[in-house]
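I'd like to ask you about the structure that follows.
The first chain written gets the first letter, and so on, giving A, B, C and D; residue counts start at 1 in each chain.
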């Protein structure tokens, strides 16, 4: 945003007023070295243009057009799956295994999710893997198992789609498509997933700025998505003390500045069981509409990412901390 | 940590057990391509060596010696200032202006801090400034004003020392010395500050790993500091959507893995008033022992960093959210 | 890598020898606090295991198995397109427009590339765009124009494929498929592109470690790619002084440690014409096998990324600096 | 920079012209949604304001005042030590041990530096160390040894000062003071070092933006420094494949955009002998005025940072690659 000044403006007074409004500013000079305009920096809070226009000494206020009008339209609006509502006051719990391993296992897990007060079942049918030689999921079979387990337990299904060619199949089985962080800017997949005209959970890329993340959401809406839930799962940092760097400032920003619904995935963010519950609680405090966690009946037996899976007991404890009443 | 295996160990079973314990592992091969040892990655939780030594197939467990034995000695111990206790269950509020501007102003502020339930007064007498031409504090005079204001209101004084030559003066006026993030690895200053044999609040450098931060604490203890409180204030990220990137994973790690007392400074982290309270609440949930915030009777008139100062009203609201009883 | 020691080993002497060999080390202790093993850190140079095994006091040396055996097989081997050879001593120039804009324009450009001594024509037919509303290329038509222009001028065609559904068409028109940095871990696309059994240029993701980049190459080989050229184009940094952060340390590492062929794209890395030639020269000095740059007959008229396009004159000047003889 | 437009300006034509000039732009809208101004992004090249003012449709051009006028005054000017000149066309070699270990050792090293065509001797008398328990240099004694060795061999002395209390002593022994990367924003030390009124080499902080680095230089000039040489030594990255991330884009920017003299330290940047020479050559190609490297007569015996020390042979080889004529 740019504030153009009257040549006779009292720049010192104006800068104080702007600081009082919470804005970070950079004065711009004309060729005579006189301040002629004030640039408002990106990390400033949102202030209505009309307030600024009315300040003494201000001629006009210029703004960059929002590049994501469709995302903006959802400001402060709840979003619905059949059994789940994401809103500015919701505490949604989405839980499930990293990989769906068998029909029985997913039934057992779904029942634990429901018992703990969760409303959606997550689980990997197709898994993105750094190595081409690693287990990559049971695919179509797993989708069926997950659908059945969710239906039996009154849950929604959230699952990742990794290929343009699989969008249709995954859309048939899921209530919400998940786009993984590695595919956040896979525009071909975003386009296809949007065309399914259903809710999509969009994980943030590990090096994506908030603006790039919102623009990826805009791609989904432009292609037809009925709603987009943003999911923070940790970004790339310079320190390997934790697996990823959970960015709760971004969560607060999406919630309080943009009015959007955000889910936080503390399992991938920190990769260790003992930090998941504190970070889940912190995520809700920062403004999340819900959390998504990995669970496993017996973490030691999980086929992938075992060290970050919560046990059923841990899940219940987390639900209590997040102040959900466990369903009897 | 490294786990040495017996040639006949059942590696698959062992890997499952380790994953079940929450450990992330890398198998190491001998020249015949056989797994002979398992390396435990840094971002794994702490597991007692005796548990691992007892597993079937394990010959021995090697560990890196902790490079910060003095820091480790403080595990789970409370730390005291005259009026303030930092512990694993405390909710300390430290508040005050970016710069101390006058005797009257700091009196008014101290009284607001006390009223809101805060126990320590922060304030800049000497200010680090990116530009050599910017206001850099009222120095010695400001120290006196702050001491008087704190004493009148039953508060401790926390203030930054920036020069080896000023340690003595600042130590006379303060109950806890603050080392700023730009000086986290200024070893000459750490040495001098440690020699004051008093509590020190050590801000994390913007690009410091958790290990480097702990090592800077070790420098303080080695020189004589009586206790070290770690303060997270946001690290350098790649996105200018927020001013800095608040790393609450590190806070959870210091609290839950190392058992240390951490304070979070959400004012510098996000630089905007509307996100400070959500992030302060999130910090406490993640494991902080307290928060430190900037306040100003009239943010528009602050001589520095005005956009991030809370008003007295905001401070009270924050204290309520953090569940302190305001002292009428 | 891990070096297991004999209980009677002279650890001090051994650490000196290892440092002399250029290795960065961390000693590991057994329960009695005695050094029993030495861990070699990741950023150390490659030393043959047999050298280490022969040192006095060493019992055995353990290593992590390489997770990318197919990539490793290409160590120090040249890779060929019909008109272009990438090798440890080549100075390949790949040039062309950001977007292919018309049959005539690409003919004119191809002739300039050939005249300057370039051997391959690059150009976007399908363009990844942050905004869904931005121009995204002329698609199939553009592929035909580019093929014709390359054939007329004796050049190879290098062009990006963004969708699994387009691999076949792009493979028909191109001599080398390009995978963009946003798709570096789009495993579905890597799989499809590998199945075309042809050379692939793999751009590094903006937040990808060198190991993740090599693993993405492994996906390509595992699916059938005939060769993989790695392309460094700048990673995400914390400073917006330049558009991206060109990582020439990684180029030196791929060339001198892994013996791989790397191409550097200084146009995307720095995004400004005046730095492209110095950085192209630096890239070759660091160990690149060639450079890829954007050019345009009239940069002011380019439909995308105009500020980083070189003019034909600039291209010639760069070719001279890189010490190619211009072809008459 | 901001370009204010005439209401009747042909915005499309103007954007093309600006792109043709190499500028990255963001249009700003007034309340009617009409483009009224164009913001030029930071990572654009420098264009004289008068050129922009003369474009059709432009009313006025606003600019941020440079916050570092003293640094700017040195644009394209050479800087001198008694035996060394840094300029836009120099190839200075500064070499020496990480730590100065004895009078004899430094004599031997100085003679090797001179023989290879180097003009300045570097060496640590006071060493910044992450651990309080690590060897931290021979101090005052080492300064004397270094001065003697340099004088005998016709070299300048460059050495780090870490404490305000040592500036005077170090200034007596050195021809150029070095400020280490951990102290880049230690303003008390910058002030003291500037007061010595001599040349200073300012290493870039590991998380410092180019602007922050220039501002630290401004602190030095404001306090009295006679000249400031900027030294790039690698920044903090997210990948431990190399020790630090050498930012040659920043070197190109300082040289080609700001006209400043930059030295590159590839030893600290990559931390491995086999990459130092390629990166030194790349640094010169990118625009450095010289390089600074660590050498040791017998790297295995070095008291610190041994893995990154070059042997005397390596130094000669590097000097040849950088195209200096070895003396005698």
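The rule is short, and it goes like this: contacts are C-beta pairs under 8 Å (C-beta built on N, C-alpha and C of every residue); 3 or more make two chains touch, one makes a residue touch a chain.
These figures come from a predicted structure and were not determined experimentally.
Visitor: Quick check on the contact network: minimum steps from chain B to chain D?
Guide: 1
Visitor: Determine, using the mean of C-alpha atoms as each chain's centre, which chain is farthest from chain C.
Guide: Of all the other chains, the one whose centre lies farthest from chain C is B.
Visitor: Measure off the straight-line distance from the CA centroid of chain C to the CA centroid of chain D, and report it in whole Å.
Guide: Comparing mean C-alpha positions, chain D is 27 Å from chain C.
Visitor: CA centre of chain A versus CA centre of chain D: separation in Å?
Guide: Roughly 40 Å separates the two chain centres.
Visitor: Taking the mean of the C-alpha atoms as each chain's centre, how many Å separate chain A from chain C?
Guide: Between these chains, centre-to-centre, one finds 31 Å.
Visitor: Any chance you could list the residues of chain A touching two or more other chains?
Guide: Within chain A, the residues that touch at least two other chains are 207, 235-238, 240.
Visitor: In their shared complex, at which residues does chain C touch chain D?
Guide: 16-17, 19-24, 41-45, 207, 209-211, 234-235, 237-250, 252-253, 255-257, 269-275, 278-279, 281-287, 298-302, 306-308
Visitor: Could you list, by residue number, the parts of chain A that touch chain D in their complex?
Guide: Answer in residue numbers: 1-2, 4, 26-31, 33, 36-37, 39, 49, 53, 60-65, 236-238, 240.
Visitor: If we count contacts the way the header does, which residues on chain D are in touch with chain B in the complex?
Guide: By the definition above, chain D touches chain B via 67, 128-133, 162-166, 182-183, 185-189, 205-207, 212, 215, 218-219, 222-223, 235-236.
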